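Two complexes follow with subunit A in common, the first pairing it with subunit B and the second with subunit C.
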Partner chain A sequence: MLAIDVKDLRKQFNVQKNREGLSGALKDLFKREYNEVTAVKDISFQIPEGEICGYIGENGAGKSTTIKMLTGILVPTSGHIKVNGFIPYKDREKFVGGIGVVFGQRSQLWWDIGVIESFQLLRKVYRVSEQDFRKRLNELVERLQLGDLLNRPVRKLSLGQRMRCELVASLLHNPSILFLDEPTIGLDIVVKTEIRDFLMQMNKEQGTTILLTTHDLQDIEALCSRVIMLDDGRIIYDGGLDELKNRWSKGREIQFQFARHTPIEKLKQLTESLDVTWTPENDVTAKMWLPHAVNVSDALARVVGGVEIRDIKIFETNTDDIVRGIYQSGSAAVSKETSQS
Partner chain B sequence: MMSAYIDFIRIRFLMMLAYRVNYYSGIIIYAINIGAYYFLWQAIYGDKETLAGFTVNQMTTYVAVSWMARAFYFNNLDREIANEIRDGSVAVQLIRPYSYLLVKMMQGFGEGLFRMLLFMVPGMIIVCLIFPVTLPTEPMTWLIYLVMLFFSFLINSQINILTGLFAFFVENNEGMMRMKRVMVDLFSGVVVPIAFFPGWLSAIMQWLPFQAITYLPSSVFTGRTPDSEIGQVFGLQVIWFIGLLVPIWWTWRAARRRLFVQGG
Partner chain C sequence: MMRYASLFWEYIKNYAKTRLTYRADFWIEVLSDLLFQGMNLIFILIVFQHTPSLGGWSEAEVVFVYGFFMVPFGVFSTFFSIWNFSERYIVKGEMDRVLTRPAHSLYQVLLENVDPPSLIGSFVGAIIMALCWTQLDLPFHLLDVLMLIVLVLGAVLIYAGLYTALSAISFYSDAPTGIVPLMYNIQNYGRYPVNIYNKMIRFVLTWLLPFAFVGVIPASYFLEKKADDLSRMAMMTPVMGIIVFSLGLALWNHGVKKYRGAGS
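This part shows the complex of A and B:
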């Protein structure tokens, strides 16, 4: 069964235009002008139950707007959405009982009261029985090591502590779909890893469907089997992460450490017939960049045959570089290439 | 689910209690206000027995009761809602399986209860000691008044919610909120009883909800409304309460379509 089914989804906003100067302000007073901004442009995708899907894109690409439509906060301008069998904005109160949402940049806990009191309140809001609540809370508290935080007021928690509490808050009612909007923003690497492990485990054990937006591609690498990439309100890629890397990475880099000082000219000479580029790092190390078209063994054979080598490292282009490349190359060219393949 | 709504009352009450020191100054400000109006009315009455059907004594009681009622029904729901809309935290409210406006109402009521117990009651005692206020002795009048006071709270909160929701439609509704505050204070009869308004204005007031907030309940409490008309006056409050649900419902529906969550 599909957890999320989106077809031709579109969202337009009317943004007030503020005209310049005093006369502009006066004109605005009587006749407002609006700019129509289309944040999400007719996107379609489907996510089956139990999948972890990453939703990435530059700032302002329309990620958050999509999440807000999927969670019933925003009403779409046109298109169809079905999440968990509901049309989110129509049966909002019924629908949100079956989903969990975490906004990395907004707290959903009550600022002034203790964490446990927030949880108790959520228990009542979501109509979870005391017994289920205890069981679930104990599990979550143990898994995320919250024990001694429970009695503190939310405003006295560090960001990492708060984010773990937010996760618990969004999971108390055992939702089948979890939406995470930049859940790891501003967290240190330890907490990030902890949260990733936790999400992974939950997905495995309970089959929770997870849709997350993030700017940290390591989140995606650690968690997601599938990536949807958005640019300027359109989907420019939808598929596996490995495929994305294969398709978009243009080559790899090999770092050599030589036994003695090796001039860059000599290296260039050795690989003359191949389409590779050399960048010296210091006297005894240099990097060679080779596109996919060039065979690694060919290139290595030439270098090894010519100079004495102490160490070799091969770097795949990392996802950050690939994604940066895609963002920079602009949507038009990219979507053309995507549609070709 | 109801228990969740009740919890919102409880939590707001406890939160207010945590910040109670802020309110001690409020009691003094209200006492000063009542004092100022008391002396003002003394001067206006001079040696006259009655004005617009009020005796000096009734006037004093009216002023004290109206201000103390204001201490109870006053809340900042309009500002809270407008702020939540402006900073986008209304999004978090919408992912919960409850009615946002009902929760706001409950929070307002928690605040009202706090204000009643720690503000209105002690304030009233102080005012009664200083000024010649005569309170009714009949328990029935007290009971009716408490029910009407509850409706004052409901109607005032509805007007606040409606004002707050305008933040969905305009970028900054600060001006609207200020105007609403002045209008409620003036037209509800806290500052001047509606009986003192010129004929045309009090005729207009008959058709606006503001009188149901202060003037009607205070008139009943000070014994200016004949017993036979109490039912009618209370009915008017109920009608306004129900009537105001319509624009709120409509505004909320329209607002959901217009919602533009700030900050992405």
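This part shows the complex of A and C:
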């Protein structure tokens, strides 16, 4: 069954145009002009139950807007959404009982009262029975090691502690779909890892569907079997992370350390027939960049045959670089994508 | 319904936990509320030092009306202290959180902002009414108590509806509107006998922004009949309350669909 089914989803905002200067402000007072901004442009995707899907894109690409439509906060301008069998904005009150939401930038908990009191309140809001609540809470508290935090007021928690509490808060009613909007923002590596492990485990054991947006691609690498990439309100990639790497990484880099000073011209000469580029780093080291078309062993053989080498390092382009590349060439990718479809 | 009642109790308990720890704050709020009401009362007393009656209303009667007004106003302030709704929920985007929870959005917002100290104003109002009641030598029936409850509820609904509608405006308009202080001023007119105003203002206070139904109209039910008998309209109070509140709620429900969220 599909957990999330989105078809031709679109969201437009009317953004007020502010004219410049005092006279502009005065004009605005009487006659406002609006710009229509389309934050999400007719996107379609489907997420089956039990999948962890990463939703990535630059700031302002429309990630949060999509999440807010999926969770029933915003009403779409057009298109169809079905989440968990509901149309989110229509049966909002019934629908949200089956989902969990964590906004990394915003707290769900009450600032002044103890964490456990917030949980108790949420128990009432979500109509969880005392018995289920206890069982669930004990599980979560044990797994996220919250034991001694429960009686502290939220404002006295560190960000990492608060984030773990937020996760618990969103899971008390045992939702089948969990939406996470930048859940690891601002957290240290230990807490990040802990949260990732926890999400992974929960997905395995209970089959919770997870949709998360993030800027930290390590989140994606650790968790997601699938990535949806958004640029300027359109989906520019939807598929596995490995495919993404294969499709977008253009080559790799090999760093050589030579025994003695080797002029760059000589290296270029050695690899003349191959489509590689050299960049000198200092007297005895240089980097060779070779596209996927060029065989690594071919290139190595030529260099090794010509000069004496102390050390070799091969750099695979990492996901950050790939994604940065895609973001930067975002518009090009879109035109390519649309011409294909 | 039961669930909403139990939710209400939970929120009140949490309120108590957070607020009662700051005892000084609590009493200062009570005191400042009472001082504010006291100032208005003193104003009425000063006016009556210059004239024995105001549009046919005696001093005790006007004070009685004021006492009546304080009762629904206290109840309203307790449950509808959403003065900062626009800023907190729309501009800062806290509405996001509210909308991801399975309870009516208005109800959640109200519960998050309950302000029980305002209820003390209602008690003071009731005492003022009782004092005037004896001073005016009004007859007392058990039915009056029942009527009082019905009229107070109607008046609270009118207030609630108007301020719900006002808050809902923030869903449509980008910038927080300065309309709330304006309303706050207009509502004060409803505490005095409406027949001292000109026709236009009377009309507005009775039918458009029916603040007259919060003070003078229902209060006149208990008082001696006047020339232009306002007390005949007193029974309209609950009806008016239901109409106004329904309209306010409808505007809210429609507005929530227009909610645009805040950045990020």
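Keep in mind that, in the parts below, the second predicted complex is superposed on the first by the 308 of 341 C-alpha atoms of A that agree within 3 Å, B and C clash if a C-alpha of one lies under 4 Å from a C-alpha of the other, contacts with A are read in each partner's own complex, and residues count from 1 in each chain.
Just so we're on the same page, contacts are C-beta pairs under 8 Å (C-beta built on N, C-alpha and C of every residue); 3 or more make two chains touch, one makes a residue touch a chain.
Owing to the predicted nature of the structure, the values given are computational and were not obtained by experimental measurement.
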Quiz item: Just from the overlay, do subunit B and subunit C fit on subunit A, or is there a clash?
Solution: clash
Exercise. Quick one: classify A:I236 as touching subunit B (first), subunit C (second), both or neither.
Key: neither
Quiz item: Taking the superposition as given, does A:L211 touch the first partner, subunit B, the second, subunit C, both, or neither?
Solution: neither
Quiz item: If you stack the two complexes on chain A, which partner ends up touching A:V75: first (subunit B), second (subunit C), both, or neither?
Solution: both
Practice problem: Starting from the residues of subunit A touching subunit B, keep only those that also touch subunit C in the other complex, and list them. | Solution: 13, 16, 64-65, 68, 71-75, 89, 92-94, 96-97, 99, 101, 103, 105-108, 110, 112-113, 117, 120-121, 124-127
Self-check item: Residue ranges of subunit C in contact with subunit A within the complex
Solution: 3, 6-7, 10-11, 14, 17-18, 93-97, 99-104, 174, 257-261, 264
Quiz item: Within the complex, which stretch of subunit A touches subunit C?
Solution: 13, 16, 64-65, 68, 71-75, 89, 92-94, 96-97, 99, 101, 103, 105-108, 110, 112-113, 117, 120-122, 124-127
Self-check item: For the subunit A and subunit B complex, residues of the former touching the latter
Solution: 13-16, 59-60, 64-65, 68, 71-75, 89, 92-94, 96-97, 99, 101, 103, 105-108, 110, 112-113, 117, 120-121, 124-127
Practice problem: Note which residues of subunit B are touching subunit A in the complex, please. | Solution: 1, 3-4, 7-8, 11, 14-15, 18, 88-89, 91-92, 94-99, 171, 256-261, 263-264
